[in-house]
Amino acid sequence: MFKIITNEEVGPDIFKLALKYDQLPQKPEPGQFFNIKVSQELSDDPLLRRPFSIFDFKSEEKRVEFIYKVVGKGTKILSKLKNGTELDVLGPLGSPFSLNNMNKEINLIGGGMGIAPLFYLAKKLEKQNADLKVYLGAADKSELNFFENKFSQLKADIYLASMSEELTIKGTALDLWLKKLKNKPDFIYSCGPEKMLAAVEKEALKNNIIGEISIEKRMGCGIGVCLSCSCETKTEDKKNKRACVEGPVFELGEVVLDG
Amino acid sequence: MFKIITNEEVGPDIFKLALKYDQLPQKPEPGQFFNIKVSQELSDDPLLRRPFSIFDFKSEEKRVEFIYKVVGKGTKILSKLKNGTELDVLGPLGSPFSLNNMNKEINLIGGGMGIAPLFYLAKKLEKQNADLKVYLGAADKSELNFFENKFSQLKADIYLASMSEELTIKGTALDLWLKKLKNKPDFIYSCGPEKMLAAVEKEALKNNIIGEISIEKRMGCGIGVCLSCSCETKTEDKKNKRACVEGPVFELGEVVLDG
Amino acid sequence: MVNLERRDLDLKVSMKSKNNKSLKLKNPLVTASGTCGNGKELAEFFDINQLGAFTTKGITVKSQSGNKTPRIAETSAGILNSIGLENPGVDSFITDILPETKDYTLPILANISGYSKQDFITLAEKLEGKEELAGIEVNLSCPNIKGGGMVFGTDSEKVFEITKKVREIYSGYIIVKLTPNITNITETALAAEEAGADAAAMINTLSAMKIDIDRQKPLLANTFGGLSGPAVKPVAVKMVYDCYKKLNIPILGLGGVRSGADVIEFMLAGATSVGIGTINMIEPAAGLRIIKEIENYMLKHQIQKLSSIIGAAH
Amino acid sequence: MVNLERRDLDLKVSMKSKNNKSLKLKNPLVTASGTCGNGKELAEFFDINQLGAFTTKGITVKSQSGNKTPRIAETSAGILNSIGLENPGVDSFITDILPETKDYTLPILANISGYSKQDFITLAEKLEGKEELAGIEVNLSCPNIKGGGMVFGTDSEKVFEITKKVREIYSGYIIVKLTPNITNITETALAAEEAGADAAAMINTLSAMKIDIDRQKPLLANTFGGLSGPAVKPVAVKMVYDCYKKLNIPILGLGGVRSGADVIEFMLAGATSVGIGTINMIEPAAGLRIIKEIENYMLKHQIQKLSSIIGAAH
């Protein structure tokens, strides 16, 4: 059983959703997601669940947090739900980011709502004493304020870019990263629009940088039964991988991106 | 715009719904109904509106009241809506009871939820100094308590029947009426299950009693465009009549009932 | 780029046929037969002249009282109806209903239904020359009683034959309304086109039913009914899309429309005009809202002429 | 009247065919192919052995990677999918997947798909004698590549031919799964029965599509998809009802089931067993809830043997 304890706007059409749970089948790891039924008990509209990455997790409080943007019917309905509402939620689902980066130099590159899964990741990396550099981009500064605030609570260097206004630079998270990239990092993590991921991947592979990306793929079930979320792979056997089980986190160069 | 101001259980699965409106296209008359969309703005589930008869109306307070029973998905959803919720409501719709009964002896015969439309009617009849006798029946006494209480605020003789327990009698509203009927009334009004209406009609016609009934017919639109609610008539031209426009109130003997 | 404003928008569509006939609509919205009565009920809620065209409730040669009730049932995102073409018959239609439409300024289409070829001939003859009408919509979804109950509209030859006969008699605009209960709707659509139809309308309702599990009987007195409403939209859009590739006459697309976005979807699939049916039963003034939503879409995408998007998804 | 309690209820159904073959299920629930993976994913949520039978994801002769993504779209009370039969091919199915099902105690059905008659022959040959299987489900909804892309299942002769071939080769239980995209499904159902099918399954998905109005392109990369979910249930129930009157083999009814009430509805229409598809994607343990709901219905109506209601709405 999941209950809404916070569902508030933290940016333009951007909401923070905090849920309290009774119990979870396993401890959520960064990069995993939950699949939320936003329609209420008696309604089938909308029919499918909506997947959201874990933004933050606080096991002591039995609390898991998400940051979501209102983009369509499902997120609009979600945004109107009140505190106390019970939600039907499945998760944690999917394969998390790998986390063996003790003391390493790590770059996080997030674009738009793709920033959301990077925060819980950054918290874990901070605990591993990683040298964290965070590159965040969005269309407008107003979409970054909340994230900037959160990331600045961590031990990390933060760089910001927006398309509308000169911040660290004016441009995309990718532009920002390329501009600021001096030392080759030991590992990068990136999440954002698929086009951005494709570009990040291209640059990274060119420079022999390794890392992981998390992708947003349209999903049917989120539990691996329907093959809606299949990703073409670049591995030898070309066997497809499911974004909901083998993903949403993949290694750079593992799956074919729509660039 | 309609807003819920009360939505509370007043009997077993029986709810009282009070709505406050901004304005109405016309003043509601007893026997008319409103067609309520119980699904919220972003949802199409359920798709159709649900028709409910006016239980009470208070123009000074811009308030219209309904008594409804939870029988399926729509009424279940309705029963969970909270005060303050805005509802999409059409009405008043349909043709009302006729009301020229000054000083006459009137019998009201209501079965189950069919009692609901008789209260606003009784209030109007009281103003006309009618000699009111009210016969109410339900499966169980608990379904009558709320109505008994309301009707006893009026100048009227009240008789009760239930199937489970001896009240005025043990039995149906029809049994009750037949048992208590002494003088031939000037006019009767009846509402309830179609089988009951058919039996009331049969007895009334046999005894040359005139009156009106209100019937519940499955509706599509409630505004006369779809012909879902057509009633076969016993009139000469046999022209169908629409329960939502020419009804839901019909004269005794006007339409064919499923008895 | 000039920034278009609402007043710059052009929602007009022209349903121009191969026969050089044309139905000009101020916007693509056409009321779907049977869901809007004959106009006056909706007119209590808004000025129906703001719509593109109005289609009357289906009429038959003789008056019909329709099927037994219940005639309506609700399903997930849809409704089932088995009205059974209750109507006063064509003669009464001409004397009583047609004159009432005189006050409307929008094009009126008469929807006709028959159970034999002769029925359609009679109906076409009686409506030929009626000035109140902009055209007729030939509903081929009735059972062919002589042909053993199968629906005319499922047989390309019958569609061709009836359309041809009607075409010979009726000189106004002819829309042939097709049934979706068929393996390949492009075949019947092509048959209608070849026989001289000015436009094809799709879809009528899907054959369906609901069972009342407590009574353990079909819920509708008529056992079966036709499914309409949002549930069927994806099926209807596909049929329009398929036909657009093959037809040279315009398509009136319908099935489950409830928003401006749905109208746009049908037009992108290839519909020139779009019917609104079930939604009117729920929201009588839906048409007005939908027009506003279409305009909003045009503003968002800076589309000046709505007709420019017809078939654009191909 | 004795008052039945939960433990008195008998949910067993037996799909007994004309060929004297039988599939005995502890309850009527059968997972629908393609919506439940190959078992192990659902098994993380509940003990799938509590269901009546399990149908595997459709397999083809050669491995297939399926269509491009997006392969899924949501519609009103439905979903569209265009997975495109992604599967490792029958050989890998036999070596890798079948052995994994050994632990299950419920009957396993292999769903097979082909693009030519030869494909079906090959698949039947390879699966013949496989002890892990209780039977096969022959999916006739793939395009017939040699026959110009039309789906096998829309052509009664092809249905007959393929079923007959498969029957000659495969000695286990054969279910033929029919497409609803057809004028009259009783014809293909009868063809399957005559050719020796032990049961008929209906329905597969309805052909449909959705257009992304912002991109002005079909939403699915594959343009078209198959509609499933609650939206299609009234169509499916009607097809089962129609076929029940004509067929002498049992029917596996499916399409839009999401509750015990829906299962009862299909059974009243004439289904002996009932498939659960889309609902599993939303609620992995739906089957368990549905069984409880069926029992509640039986208690309410004091029905001891569930099988007694099959076809009762006729």
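Annotations for the structure displayed:
Each chain gets a letter, A, B, C and D, in the order it is written, and its residues are counted from 1.
Methods note: contacts are C-beta pairs under 8 Å (C-beta built on N, C-alpha and C of every residue); 3 or more make two chains touch, one makes a residue touch a chain.
Composition by chain, UniProt nomenclature: A, B = Dihydroorotate oxidase B electron transfer subunit; C, D = Dihydroorotate dehydrogenase.
Just so it is clear, the model here is predicted, and its values are computed rather than measured.
The interface carrying the most C-beta pairs in contact is the one between chains C-D.
Most remote from subunit B, judged by the distance between CA-atom centroids, is A. Subunit A and subunit D (Dihydroorotate dehydrogenase) have Cα centroids lying 36 Å from one another.
Measuring from the averaged C-alpha position of subunit B to that of subunit D (Dihydroorotate dehydrogenase) gives a distance of 46 Å.
Rounded to whole angstrom units, the spacing between the C-alpha centres of subunit A and subunit B is 55. In subunit C (Dihydroorotate dehydrogenase), the positions touching at least two other chains are 76-78, 229-230.
Looking at subunit B, residues 44-45 sit in touch with two or more other chains. If you check the complex, the residues on subunit C (Dihydroorotate dehydrogenase) that touch subunit B are 34-37, 41-42, 44-45, 57, 65-66, 69-74, 76-79, 81, 83, 86, 229-230, 258, 278, 280-284.
Contact residues on subunit B toward subunit A in their complex (touch as defined above): 39, 42-45, 73, 76-77, 80.
For subunit B in complex with subunit C (Dihydroorotate dehydrogenase), the residues that touch the partner chain are 37, 44-49, 88, 90, 217-221, 223-232, 238, 240, 245. The part of subunit D (Dihydroorotate dehydrogenase) that touches subunit C (Dihydroorotate dehydrogenase) in the complex is made up of residues 75-78, 80, 150, 154, 181-184, 206-211, 213-214, 216-218, 223-225, 227, 229-235, 237-238, 241, 256, 261, 264-265, 268-269, 297, 301, 309, 312-313.
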